[in-house]
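By letter and in written order, the chains are A, B, C and D; residue numbering begins at 1 in each of them.
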Amino acid sequence: MDKQRKHLTQQIIQAGQFLYRQGWSPATSSNYSTRLSAEQALLTVSGRHKGELTAEDVLVVDWQGQSLEEGKKPSAETLLHTQLYQWRAEIGAVLHTHSNDACVLSLLEQSTELRLHGYELQKAFTGYTTHESTLVVPIFANDQTIPRLATQVQQWLDTHPDCVGYLIRGHGLYTWGAQMSDALRHIEAFEALFACELKLRALRAV
Amino acid sequence: MDKQRKHLTQQIIQAGQFLYRQGWSPATSSNYSTRLSAEQALLTVSGRHKGELTAEDVLVVDWQGQSLEEGKKPSAETLLHTQLYQWRAEIGAVLHTHSNDACVLSLLEQSTELRLHGYELQKAFTGYTTHESTLVVPIFANDQTIPRLATQVQQWLDTHPDCVGYLIRGHGLYTWGAQMSDALRHIEAFEALFACELKLRALRAV
Amino acid sequence: MDKQRKHLTQQIIQAGQFLYRQGWSPATSSNYSTRLSAEQALLTVSGRHKGELTAEDVLVVDWQGQSLEEGKKPSAETLLHTQLYQWRAEIGAVLHTHSNDACVLSLLEQSTELRLHGYELQKAFTGYTTHESTLVVPIFANDQTIPRLATQVQQWLDTHPDCVGYLIRGHGLYTWGAQMSDALRHIEAFEALFACELKLRALRAV
Amino acid sequence: MDKQRKHLTQQIIQAGQFLYRQGWSPATSSNYSTRLSAEQALLTVSGRHKGELTAEDVLVVDWQGQSLEEGKKPSAETLLHTQLYQWRAEIGAVLHTHSNDACVLSLLEQSTELRLHGYELQKAFTGYTTHESTLVVPIFANDQTIPRLATQVQQWLDTHPDCVGYLIRGHGLYTWGAQMSDALRHIEAFEALFACELKLRALRAV
């Protein structure tokens, strides 16, 4: 195993330990990836315990989502990762998680866009410099047919070059960054904002 | 102590450490078991701290729930474990926990069935492949007379071959799996779904 | 330092590490004690960080609540500990904690008694064998004059020999046990029941 | 690096590890400082992961908020720290955090002051000796122009010599103490009180 792959594998393993410990990747859900080259990514194998990943639990895929390693099956949602690497050359890591708050907020929000406004923490996202901005997070209907879901996502990405993440209803969050550390910062910021949004909705209504 | 028992004992000890740390087995509540053979299971001794189990805190029971080790008293709920091993030969581990969310949701739900629908995480259960399925979790009234409660459970199991777990009202959850890792994945998935369900009920009502 | 004191001091230190980590003893609040003899107890010194206690942070007090160690000031609430050791010879440890849930529930409950019923976890308390029992927890008004508060508590204890704990409004919980492990089990059970009770009250009202 | 700076740097690093672990400094948010001398403070560098700070992640600033170390950029909010050290000579540490509860409560509270009353935990603040006192926490509108925000804060400080902390709406908490341990105790107490206040508001309304 070459040095770069070893390094990126370690990043995925450590991201999994953190995200599992936070409760954002329960019950073998979630999948994570990093860009390996201009045409390949390193991705988690389907169905593994995300807090206990080993080097055996990642595999190389091409942009068509095909496994380049015999005997290893990539996540069913591989295309949702690879379309992001093709969308923007500066994306180096993609994280998909299944937190309770992301799940609940996506089911609760009736519109197809969650709009976050007035939070200082919006500044954690690359390109956002003030709480007076509005962070728009699209919500896609869940779909077990991933190519069809990827088409929906692609239409949004093509028309929203500043997109930093999206929700799938009743399912979870996709976010990304130039480095794994950026993708992790985005997850933390989204989870904090989702938690605040849920508390505010509960309390403003009473 | 033979090698297999040592291995299974270790699985129970580690499951306890995890489940206690999650807050799902507080105050010496809960009990865990693994299948030892076609006629015996290894089960936690009554009343022990579930985060601090040792090899002394498990004992062998037969399908009638009788202790096969002098001086060790099995959990009062032993029959609820052994009936599952008799129900399906492929079950290798049974976990019973007392989380706050399981307790609250079972008291809140007025009907005798909790119906979970629309969650991607339903796919964490063996046999479920889409969020469009409905996961039915029966809720039994709590009863200190365990043989009577076991009879109620047996009637459900006999008519619902796809059952993956059940709730006892104001008490807790029973779930299982082919291996301990499967039973733990089911617990994590149930707890995530219970948490989502409670948040959604609170927020949809406001 | 004799062996018994060393052992009991270690129990207090470890209890503090656990209770602080759970968030039940924030900001130097709370105090803990163990019986040292028929006339003395070992108690935490006032104002220390409960997750970082050392052997220096406990002192010996008599039943009048007087420090028997020069230069060490006992907790302001010492009399609330010593009255319990005098009340029942079988009490070996007393824990007072300040969890958010205990605080909120004591402020929310309008009557002077919290009544817990229908929870399997009531069986974690010595003497309770069924969820069909009712666990009555008195709630006393907070009072900075501890002797006056102790008088209120004494009246309750004298008329309720089965009392396993009490709340002080906007303040926290007192509970106890034959051993430190019993007192800790009672804390865990109370905290689980308080959490369930708060969730049920919120959800039953919506 | 002299011994005192090494010691104070270590305090900031450990505070970050604690505050991040508690979830109060997510996604590189927050900033912390300690007084270095009568005219200088040690402060966190802008944009670092608060749970993984190293000695490289702090820098010396003067009371005008200017970096005294080439190549290191202080937090954008430096003036909010330095004004406190100038306000009171006894302040030795200032902590600014971004917890979800501080954020939500500051957005929920319609007035410009949060008033906390009836909690025993108010006694965790230097100068408060009874739950019958009222702890007033001003809430300032968030503002990306820090000198303008600092002017608002200064007006409050000048007229409220007993102030122990303040909120910025949708943003977070500022609190302080003679030592880092005092500032940390204040954070813990504020977070417990904010959590209680949110639960009470939710439950009293239902």
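The rule is short, and it goes like this: a residue touches a chain if its C-beta (ideal position, glycine included) is under 8 Å from a C-beta of that chain, and two chains touch if they have at least 3 such contacts.
Treat the numbers as computed from the prediction; the structure is a model and nothing was measured.
Undergrad: State the smallest step count from chain A to chain C, taking one step as a move to a touching chain.
TA: Tracing touching chains, the least step count from chain A to chain C comes to 2.
Undergrad: Measuring between mean CA coordinates, which chain is farthest from chain B?
TA: D
Undergrad: Compare the two sides of the chain A and chain B interface and say whether they are made mostly of the same residue numbers, over half shared, or of different ones.
TA: different
Undergrad: Please work out the Cα centroid separation of chain B and chain D, and write it as a whole number of Å.
TA: So the centroids are 45 Å from each other.
Undergrad: Could you please state the distance in Å, as a whole number, between where the Cα atoms of chain A are centred and where those of chain D are centred?
TA: Chain centroid spacing, chain A to chain D, equals 32 Å.
Undergrad: When you check chain C against every other chain, which residues touch at least two of them?
TA: 202, 206
Undergrad: Assign the assembly's chain-to-chain touch graph to one of these shapes: line, ring, star, complete, other.
TA: Shape = ring; chains linked end to end, path closes on itself.
Undergrad: For this structure, enumerate the chain pairs that meet the touch criterion.
TA: A-B, A-D, B-C, C-D
Undergrad: Sort out for me which residues of chain B touch chain C in the complex.
TA: Residues 23, 26-29, 49, 98, 100-101, 103-104, 107-108, 142, 144, 168, 170-172, 198, 201-202, 205-206 of chain B touch chain C in their complex.
Undergrad: Which of the residues in chain A come into contact with chain D in the complex?
TA: It comes out as residues 118-121, 124, 129-132, 181, 185-186, 188-189, 191-192, 195-196, 199-200, 202-204, 206.
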